[in-house]
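As written, the chains take the letters A, B, C and D, and residue 1 is the first residue of each chain.
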Amino acid sequence: MCRWLAYSGSPILIEGLLYKPEHSLIDQSRHARMGVDTTNGDGFGVGWYGSRPGREATLFRGVGPAWGDVNLRELAGSVSSPLFLAHIRASTGTPVQQSNCHPFRFGSWLWVHNGSIRSFPQLKRELVMAVRPDLYPYLIGSTDSEVMFHLALTFGLQDDPVAAVECMVGFVESVGRSYGVPDPVQMTVATTDGDRVWAFRYSSEGDSRTLYFSTAVSALRELYPENANLSRLSDETRIVVSEPLGELTGAWQPVPESSYGIVRKGNDMLGDFHPRLP
Amino acid sequence: MCRWLAYSGSPILIEGLLYKPEHSLIDQSRHARMGVDTTNGDGFGVGWYGSRPGREATLFRGVGPAWGDVNLRELAGSVSSPLFLAHIRASTGTPVQQSNCHPFRFGSWLWVHNGSIRSFPQLKRELVMAVRPDLYPYLIGSTDSEVMFHLALTFGLQDDPVAAVECMVGFVESVGRSYGVPDPVQMTVATTDGDRVWAFRYSSEGDSRTLYFSTAVSALRELYPENANLSRLSDETRIVVSEPLGELTGAWQPVPESSYGIVRKGNDMLGDFHPRLP
Amino acid sequence: MCRWLAYSGSPILIEGLLYKPEHSLIDQSRHARMGVDTTNGDGFGVGWYGSRPGREATLFRGVGPAWGDVNLRELAGSVSSPLFLAHIRASTGTPVQQSNCHPFRFGSWLWVHNGSIRSFPQLKRELVMAVRPDLYPYLIGSTDSEVMFHLALTFGLQDDPVAAVECMVGFVESVGRSYGVPDPVQMTVATTDGDRVWAFRYSSEGDSRTLYFSTAVSALRELYPENANLSRLSDETRIVVSEPLGELTGAWQPVPESSYGIVRKGNDMLGDFHPRLP
Amino acid sequence: MCRWLAYSGSPILIEGLLYKPEHSLIDQSRHARMGVDTTNGDGFGVGWYGSRPGREATLFRGVGPAWGDVNLRELAGSVSSPLFLAHIRASTGTPVQQSNCHPFRFGSWLWVHNGSIRSFPQLKRELVMAVRPDLYPYLIGSTDSEVMFHLALTFGLQDDPVAAVECMVGFVESVGRSYGVPDPVQMTVATTDGDRVWAFRYSSEGDSRTLYFSTAVSALRELYPENANLSRLSDETRIVVSEPLGELTGAWQPVPESSYGIVRKGNDMLGDFHPRLP
């Protein structure tokens, strides 16, 4: 089932969102409230920018439950980043292995996903064969999430992410139709090139996994009551999460059904998501 | 926190209790109902008799969550045993590692435990020092559970298990008292020599982790409605569990506070548990 | 690079070949003598028959080095089988994960492989596309070995194993040719349906990984000098190995280049292996 | 058996010593030349300073072989540090688990060790009981290496490291004598407080595991022929290693038997190591 979060803004320690909040991502690995299951213990991953030159992310993924991973705790307390994605996994059928942990990476891009493709074993061959042949060797694992990423890359993610993801969804839905699979797509997705973050919330059935964004940096300030540095955070700071990290009234706004958001310098934006055929 | 089960009777496939029932031990690894936490994903273990000559158990322990372990599923579907203990772990502070998984083994004996010793880091040195020196090298891990086992061995578990466990508890409580630690002991325990099984339910505070035993083999027959072989099960068959594997009315009886039970050929027995000083 | 062994004959404890001999498979995981590298520490697996009804194998695979796996040691000392395959892995590029460990399984069939497909990332898409669509969902991992198995299944492994493997190799070589990849296939393979065992030794370059078979049960008797039971072993007993388990003169015979062998009741046979186009 | 390295000097990427050199530490995990065994695949660890305020190290330890760890490769390519210790493990009997991986940490101190205490299971209880009671709870694993560290802490490592380690060795040797164990201590050790690094080479039998130090920063410059930044490295730069990372003539000097070295600002020093009784 999975839960994920995306952070963009002033550099902060990763533990600031993974461990510190009342309902942190680590808490959600054992006590998720808004997902299919309370437990997300089938692996985890974090991809962060800022430690390498240019826009290249560093990835850290583990196959054990996030709540018990000592290395993750160590790293989260020592890595500071202006942009990172983190994900905790609940497998929807594919093996628990590092190559099936999110975020997935291609070049400077990262991708996380919550949801699934219905009847994926039945549709997989056709979907995989539509991945551009030069991208095919980069399919390392066996998840639907990774295939969705590579289809989006095939349809031009690096040039126009919104259109590419709309094409990916449209394509998966058409393949589903041809196999008699109803409502094939269930997703919230975040993807980033290390500069901007695109978030999507959509499902074929119109009842999507939850997704929220933080309203203003004031939300972050109240997440860190003891941290005087927060006054230095820029107003650009934005968090996108599967479920809120705390219960601060008004701090979290739901992303509407069939929507996408772009987090970037200047004004972020929210728009309607329309699957289209490629 | 942990959950465990003990089986004694006609040989059955281990999956019969680990996977098949409605609220199997594997289900309890993610959705425990009567414990401190719903998740018991910090490792697991099974010890079974019958595969080796004499009374020697075979151990299989893993550090990942039980629900996702493919090898466990394979083995459970191929190993048949007349006596086995199985355990799923929720760490109370010590590392997640194979040497901290139950069952613990010494000679032909196995031991599983649900609960903890309060303020264990503070009491540990004194408790470990009281383990008989020739037994000390067999302390492989770092749990309170394993120390309790070796103290029980020190106090004569192999000769008189009930008296030995009473002494172990009495000793731990006295050490706790000397360090100002209130109500040090919280436990349900099962231990076996491959022939009989002893189960204990006790806590210093008089509010112990749950423990149940099956009333009659009829409980098993209804757990396996599709299995014609059940008519061959002997009336000796007995299951002891942290929480019931199903909701069959009358099939499960709670073990009373401060009690122990002995599962053996002929009449099983239930008695009062009285900690004593060694 | 890998090393493997296949056993067929009277039931023996798996440890008899995995641990006991002077140059056991476990020794080969750290000190292989005839392979590309001395270390084969990227996972392991054992598939054995006899524990389940019919001809269904039980699989046990781990991602850590075989030499340190405590569970493997336990199982090997308690599982007795008349037919088993065991494999220790040295990755040729694909991730170390359980789904990439051999033996691979399909129905009652098992498959182990030592070697590789040259330039596999470049050829993979075309090879995978040739796997029969109904078999495609059974490709769980990302190895060339598993793809070779599924191509062999596609070409009729379950009906005529030798012809199917010859077609598989012929097909891979033809795809290699079309991509300008010289000498694509390097292999020793064992596959079994739980009754007979087929072993293959072939490489496009005519310089194949080593493969040996035991000459007679007398070889086994000398591997177990302390075991009086060996007199009960049938003359059907046969071991096929990547490299000999001991240094007994005359006990091991090399399988010739471009050959296959069939281990079965009655006379085993050795024949010439000729890749053919499907 | 193990291999380790210590780096002190201008900040460099950890991969610069772990992966890049001809005979890097990762290469030594599979092809060590000067140790007891060629394989050191029973876990690994890195502790580095500079990522946290003050002198606190960040630890990353894994239980799998270092050569295959994807996370280690990622981190090594993104973490830059002026002082770090790295270790690859070959177990001398204790379990393979994260709590048994080096470096061990206490406060701002790190400790790595190559070698063993002979007959450790026999001596362990007495050695552990000599650890200062308030330090006892910090013994997390089960290795001789960790016990040696805590004995050194007991004898004043944080005040006078050389004297403390001399006392630790003297004590272990005296306990060994009382148990009739000849030549109990075999060691090379590095320990650091984040500012200076102490290295030791000693064995009771006078035939110690190998240890080398780099003669001058010129050695580093020739390890990085393609890296123009090396001209910025300070002359303070020093590497201490179990075995040389390359074959540059004159770049590596053996640490003599029964010696210790101190790496620090200003002149490093080399002195005689004399075990003493505490």
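The definition used in the following text is that a contact is a pair of C-beta atoms (placed from the backbone, for glycine too) under 8 Å apart; a residue touches a chain by one contact, two chains touch by 3 or more.
Keep in mind it's a predicted model, so treat the numbers as computed, not measured.
Under the contact definition stated at the top, the chains bordering both chain A and chain B are C, D. In the contact between chain C and chain D, the residue numbers used by both copies make up over half of all numbers at that interface.
Chain B and chain D, compared by their mean Cα positions, are separated by 40 Å. Chain contacts: chain B has residues 70, 95, 98 touching two or more partner chains. Residue ranges on chain A touching chain B, taken from their complex, read 30, 37-39, 41-42, 63-65, 68, 70, 91, 95-96.
Across the complex, chain C meets chain B through its residues 51-52, 58-62, 70-71, 74-75, 77-79, 98.
By the touch criterion stated above, chain D contacts chain B in their complex at residues 95, 97-99, 121-122, 124-125, 129, 133, 136-137, 140-142.
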